[in-house]
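Below you will find the structure I want to go over with you.
For clarity, chains are labelled A, B, C, D, E, F, G and H in written order, and residue numbers in each chain start from 1.
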Amino acid sequence: MDWAREQRTGLAEALMCEGKTAGQIDGILAEAGERRLLLTRLSAEKLASLPASRRSGLDYDSLSRTAYWGETPPAAADGAVIVCAGTSDLPIAREAARTLVFFGHHGPLIADVGVAGLWRLMERLEEIRSYPVVIAVAGMEGALFSVLAGLTASVVIAVPSAVGYGVAAGGQAALHSALASCAPGVLTVNIDNGFGAACSAIKILRLRRDL
Amino acid sequence: MDWAREQRTGLAEALMCEGKTAGQIDGILAEAGERRLLLTRLSAEKLASLPASRRSGLDYDSLSRTAYWGETPPAAADGAVIVCAGTSDLPIAREAARTLVFFGHHGPLIADVGVAGLWRLMERLEEIRSYPVVIAVAGMEGALFSVLAGLTASVVIAVPSAVGYGVAAGGQAALHSALASCAPGVLTVNIDNGFGAACSAIKILRLRRDL
Amino acid sequence: MDWAREQRTGLAEALMCEGKTAGQIDGILAEAGERRLLLTRLSAEKLASLPASRRSGLDYDSLSRTAYWGETPPAAADGAVIVCAGTSDLPIAREAARTLVFFGHHGPLIADVGVAGLWRLMERLEEIRSYPVVIAVAGMEGALFSVLAGLTASVVIAVPSAVGYGVAAGGQAALHSALASCAPGVLTVNIDNGFGAACSAIKILRLRRDL
Amino acid sequence: MDWAREQRTGLAEALMCEGKTAGQIDGILAEAGERRLLLTRLSAEKLASLPASRRSGLDYDSLSRTAYWGETPPAAADGAVIVCAGTSDLPIAREAARTLVFFGHHGPLIADVGVAGLWRLMERLEEIRSYPVVIAVAGMEGALFSVLAGLTASVVIAVPSAVGYGVAAGGQAALHSALASCAPGVLTVNIDNGFGAACSAIKILRLRRDL
Amino acid sequence: MDWAREQRTGLAEALMCEGKTAGQIDGILAEAGERRLLLTRLSAEKLASLPASRRSGLDYDSLSRTAYWGETPPAAADGAVIVCAGTSDLPIAREAARTLVFFGHHGPLIADVGVAGLWRLMERLEEIRSYPVVIAVAGMEGALFSVLAGLTASVVIAVPSAVGYGVAAGGQAALHSALASCAPGVLTVNIDNGFGAACSAIKILRLRRDL
Amino acid sequence: MDWAREQRTGLAEALMCEGKTAGQIDGILAEAGERRLLLTRLSAEKLASLPASRRSGLDYDSLSRTAYWGETPPAAADGAVIVCAGTSDLPIAREAARTLVFFGHHGPLIADVGVAGLWRLMERLEEIRSYPVVIAVAGMEGALFSVLAGLTASVVIAVPSAVGYGVAAGGQAALHSALASCAPGVLTVNIDNGFGAACSAIKILRLRRDL
Amino acid sequence: MDWAREQRTGLAEALMCEGKTAGQIDGILAEAGERRLLLTRLSAEKLASLPASRRSGLDYDSLSRTAYWGETPPAAADGAVIVCAGTSDLPIAREAARTLVFFGHHGPLIADVGVAGLWRLMERLEEIRSYPVVIAVAGMEGALFSVLAGLTASVVIAVPSAVGYGVAAGGQAALHSALASCAPGVLTVNIDNGFGAACSAIKILRLRRDL
Amino acid sequence: MDWAREQRTGLAEALMCEGKTAGQIDGILAEAGERRLLLTRLSAEKLASLPASRRSGLDYDSLSRTAYWGETPPAAADGAVIVCAGTSDLPIAREAARTLVFFGHHGPLIADVGVAGLWRLMERLEEIRSYPVVIAVAGMEGALFSVLAGLTASVVIAVPSAVGYGVAAGGQAALHSALASCAPGVLTVNIDNGFGAACSAIKILRLRRDL
């Protein structure tokens, strides 16, 4: 782990568990010791393979496959709102929310506001507009990104999700919708990268704190 | 030309001019004689290369690159509405409209109702809903297709257009948005295929006439 | 669930089970209560994970992975015919048929009429032509779409299926055949989207009822 | 030029002019001297840049962009039939025909038998079946390949052409249709490779002569 | 099954088992009765799910996943040679060989003659050249196709195989090598389609018988 | 034009000239009248086709193909720094800079700091870090995005440019580098979308003003 | 196996175990007898399926899935350094290291020097520069390749790894970064091909021995 | 220009003229003054736009589109051989040769040794083997790379060229053949990157000088 990253970029490095064995993760947690650490993409199977003593030190959320190591997150000051269309996008949306909370920000979640039911999105619009940053999570055709960017002055960060089948499989259709949006001001991260979206949101929120 | 197609499928064959020389087009028009014929994708350069006598028999529209050969189209009975986001989609939208008119249908055009300016679409919604079939033309991220399908009970035919750059170049992003729409009931044709969309719309309109 | 969708678009929202846990599906059915609901992409494994009391309220079809919740579908009035080439396309073809029936329409199925055995398709042609809408399901090279559109005046909705291997794997070859058809009047939906094809067919059928 | 290729593989090397300058082509023809040579993909512009004395020794066909250098082709013995859907495929179809003739075979052309007008293909079926090898040229969705292979016992060589737009642009959709054909016995060459299809047809025809 | 296909195209339809359930396969075999039938892509698991009485009527080869139903194949007259680079291509190479034998042809196999060890291919060249048709099976970069076509006057049918990783995964690199070969006279079938290559080889062989 | 967009999203709509004729642009400028307007992707040829009286009202920059219509931009308060690797990226970098200036922000440009000459980037690092937002423009392999995000706490907006050849042609390689960056906190816009990057940067800058 | 390859190309053939059954591997080892042999991509499952007597003759490394058959590797003379960004790239990095050692070279490994933590790479730069050949292993966006090539005069061989998700899945993003590098002098091998990178490194090292 | 690059990486930066205006190139040459500089991808049109005085200082080669600025290249000591299949690959092959010469190395060219005429390659094999590094340039299917790597112990650097049509268009088929080669020890650079291949060859050659 790059323990010095927080000094340099303002955000501590997180532990991406995909592609690492339980043994490797265990070793990194031992090395972390008292330091706080966010774990992402930690499957329930891999969690179960960790020593029980290590597991007990983790605050795990199975839906987002994230875990907190170390002390309770600091009290939240400001935050970004997370918007998604439905149940299938929740794992990614919650990864973003849990990342915000870990670093001391609010991450409220507004689900079930997809484009196929536009008036439900309209009903929540004032609430969405009240946040400086909106993280939008959508798969399939990703029309939500453009609709949101056309309706609000907030910064919109699009997280395409790998939800869908046929031409939407893997999230490429949603990714391209985010990048090609007819509404200027949409910023995009990699498919399923709720963590990265939250990191960028935090950087933006902190610009305001620094004043 | 397949002069018997109208008997078989209800729609006369059109003359797709792309990939044909001016000489070949001239020959087909000579063969057509008194028969009415719709010409598509006829560039201004190719039109200029036709003999003047032939040109004078053509009712040409440069924006849509379509031409009518033969008698004036029949009076329109019913129709489909064509909806698009802006100026760049007009050539395709008009190709659809001119095809509808050639075969005896209305093809009113509602432009400038893109998703980035959603309330303008909302203002025209009642008008759009009054047509049994909606032909939607959109490039870039193609969010318009899902928004329309979520707001109306009409049949929605999506025509992705090759308008855009980067990941939207060539129309693939809009095509995938149409196919992967979260709103059921979107039907899709090939990129820039305004003619095909109109043909399908006509088939649907005629189902009602046949009762 | 968007319980208001029927009022707005004429078709009630269906429950897409892929990407949802058994617990989430159970919750939605509890919320549905007396309302009728169509479930799609419900695997046998997920069905088996539902509480027995919930399972007993479902009319499940394992081939199409669809289930009906609530009252028996209404008596069918009109319908669309579903045509496919063979055994491998049956799951998608039946998804379309079951969707038609759920919403009160006939959905007769004509299988084994692939292009490699063209005369078998020819023998059934009159029957196919008698329906206003034809839903064609085909994988591999998808030649069936163009052949059908060249032989009938009915509206043809193409459902490319992910049947095939090599360049046909995933259904892209069939999808492109549908979109690029040399026969005008082919409308396309996403790969394996039998449900969406049926929804569009129903919209078209209802245009005739509304007269 | 590989002047020894005929001894080794039975077919003399042809001169592919694309990617070569007029000067380089002129030099190769000088080197060829009395030897016969087939030139392919020779644009009219490049032809015009050759010295007049060289041009006069060439039998050029502008549609197929092919030229014969040297003596008149030998009298034809047997042949392969070339089938295509329409005017736009003629350049490729004629490249195949001219290659057959150059090497001493018949190469009759049956155009305008596309799948959208299936009965026209049916009317010519007996004639097509009378040839041992059928070269089928088709762009767009390439349904012709499967239809032909399902109707004849002849060897079918598919030449996908780069005719079409949207998803058919460049010929990939037709290529994939050829490769994924539901009718076994379709052999494929590269997009627009009429020359290669003819070379293979000649190899097959010569297998019969060698008995 | 299309029992009439042999009359029409000269080759009986085979039973592609992928995408069919054991129950469906069992039903087709019952329907076949005394007729001979070739089964392809029959996994060992699916075979084990067939009733024992049915299994005992099948001559199964696990490497190629093919089975013969009915009488012993007829004595072989002529044949095509099958050439491949190594162990990983054997399943596809044997599918071709077994198809040839089922329909009454020789299908000798020359393995381990990849391009990385060119002299081993050279040692077998005379033997390869003695066959009118060569079926070449290769994955990875597929250089074998061009090398063979440059060294022999026989008809070369390329079968790209899905052997390889990285850019070769799925067989696309080998497929493109076959289609883009610098040696004219390479004919190509779909990735892993040993069956189709053999069907085409048989059609070619029979052209000679028919004289 | 959507003249109401500024009220809704905080940024006035710009006039994207690509895909519009000189006549259409002229009409929109006439409609704009006294309103300020930013024109993007206006080629020198199209500019030359505008009436001279209209041209004289435009402040045109040929490198970035942008023009200002109307009053001089307001005095700049805060700004974002634009970083790129070299001469070829300048058109896109300047499009971003001119957009920032048009809307009242600084847009200083640091060019020639590509990854192949890392120490030159290091020499400018303190200057770069002093801005809250960094817009990075890079083509080819796009390594600059990750290097910058690893070295600064500022918000990094990546603009992949279509600079490069082979696998880098069109900008996809750089786009994927931005999205897949190993350094969290990189936000991405479409290829060559300097305008969109600047719009997002402005939204972020204004979040600070609003406090 | 091609036992003569060492004489011809200087490197003995290795046994690629992917795509081969345990039985086939066992047979090749029996044939090898006293000869030394390197096995690559040997999964733990396949190893466990070998006869115990055979297994005992193998020096297996589970992380890299490589095994040595036969005598201990010769003492190392010179070597190439292997550089990677982190834990997930270790399997590929070690495959390269084990290949170097098998053929008598050093293969030291420097891990955890990714671009997101550039100063850690800087700290090891002198050590890296001391080797004539650098093998760089990186997934995700592969920025490491360009950074290394810009900082050292050594030959850089890039091994893109299939580490990452979204647009980085499968390793294509890293591959394209290697090929499109703005720093001249980057040489690339296939995704995950640590073995091939080491083979090329050995060829380069031996050029110096041969003087 | 990065004038310090030679100190750092051993090779002076070259001036890539694509994407730069004649004015920008002129300015860089003025800045270069007495320093030697290699210009690549300089089209004849752009050359003609330079001031005559500047042009006279350039040693230009139109086939490779390269130019030398400054003193005559140093006398060559050692070198790499460049091998290609034919006339169309010459521009790229010469770019590599001219780069070698500019930096003081031999760059002999062996053309016309494509795989379709294998014996011609065999005739030159001893000559090829006598060089420590072989740069192979090939388009279409790129089989030359594997054949060469299987026949020589030299280091093989593959340069895929954008020569070919259909699936070979743009050079992707040749690139994938290089990367997926069944012969270990092939190193690859970007499509058409003769310059980069030469730079790497020089780095390798210099490793020997440094001993």
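Throughout what follows, a contact is a pair of C-beta atoms (placed from the backbone, for glycine too) under 8 Å apart; a residue touches a chain by one contact, two chains touch by 3 or more.
On a predicted model such as this, the values are computed, not experimentally measured, just so you know.
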Inset, instruction - Please identify each chain that touches subunit D as well as subunit G. - result: E, H
Inset, instruction - Report back the single chain whose CA centre is most distant from the CA centre of subunit B. - result: G
Inset, instruction - Looking only at C-beta pairs in contact, point me to the busier pair out of B-F and A-F. - result: A-F
Legend entry - Chain centre separation in whole Å, for subunit H relative to subunit F (CA means): 35
Legend entry - Where subunit B and subunit H are represented by their mean Cα positions, the distance between them in whole Å: 49
Inset, instruction - Round to the nearest whole Å and give the separation of the Cα centres of subunit C and subunit H. - result: 56
Legend entry - Touching two or more other chains - residues of subunit C: 116-117, 149-151, 166-168, 175, 179-180, 183-184, 190-191
Inset, instruction - Would you mind giving me the full set of chain pairs in touch? - result: A-B, A-C, A-F, A-G, B-C, B-D, B-F, C-D, C-E, D-E, D-H, E-G, E-H, F-G, F-H, G-H
Legend entry - Interfacial residue positions of subunit B with respect to subunit C in the complex: 8-11, 14, 132-133, 149-155, 157, 175, 179-180, 183-191, 195-196, 199-200, 203-204, 206-208, 210-211
Legend entry - Residues of subunit H defined as touching subunit F within the complex: 2, 4-5, 13, 18-20, 24, 160, 162, 170-171, 175, 190-193
Inset, instruction - Name, in rising order, each residue of subunit F that touches subunit G in their complex. - result: 85, 114-118, 140-143, 145-147, 149-151, 164, 166-168, 172-184
Legend entry - Interfacial residue positions of subunit C with respect to subunit E in the complex: 87-88, 112, 116-117, 119-120, 163, 165-169
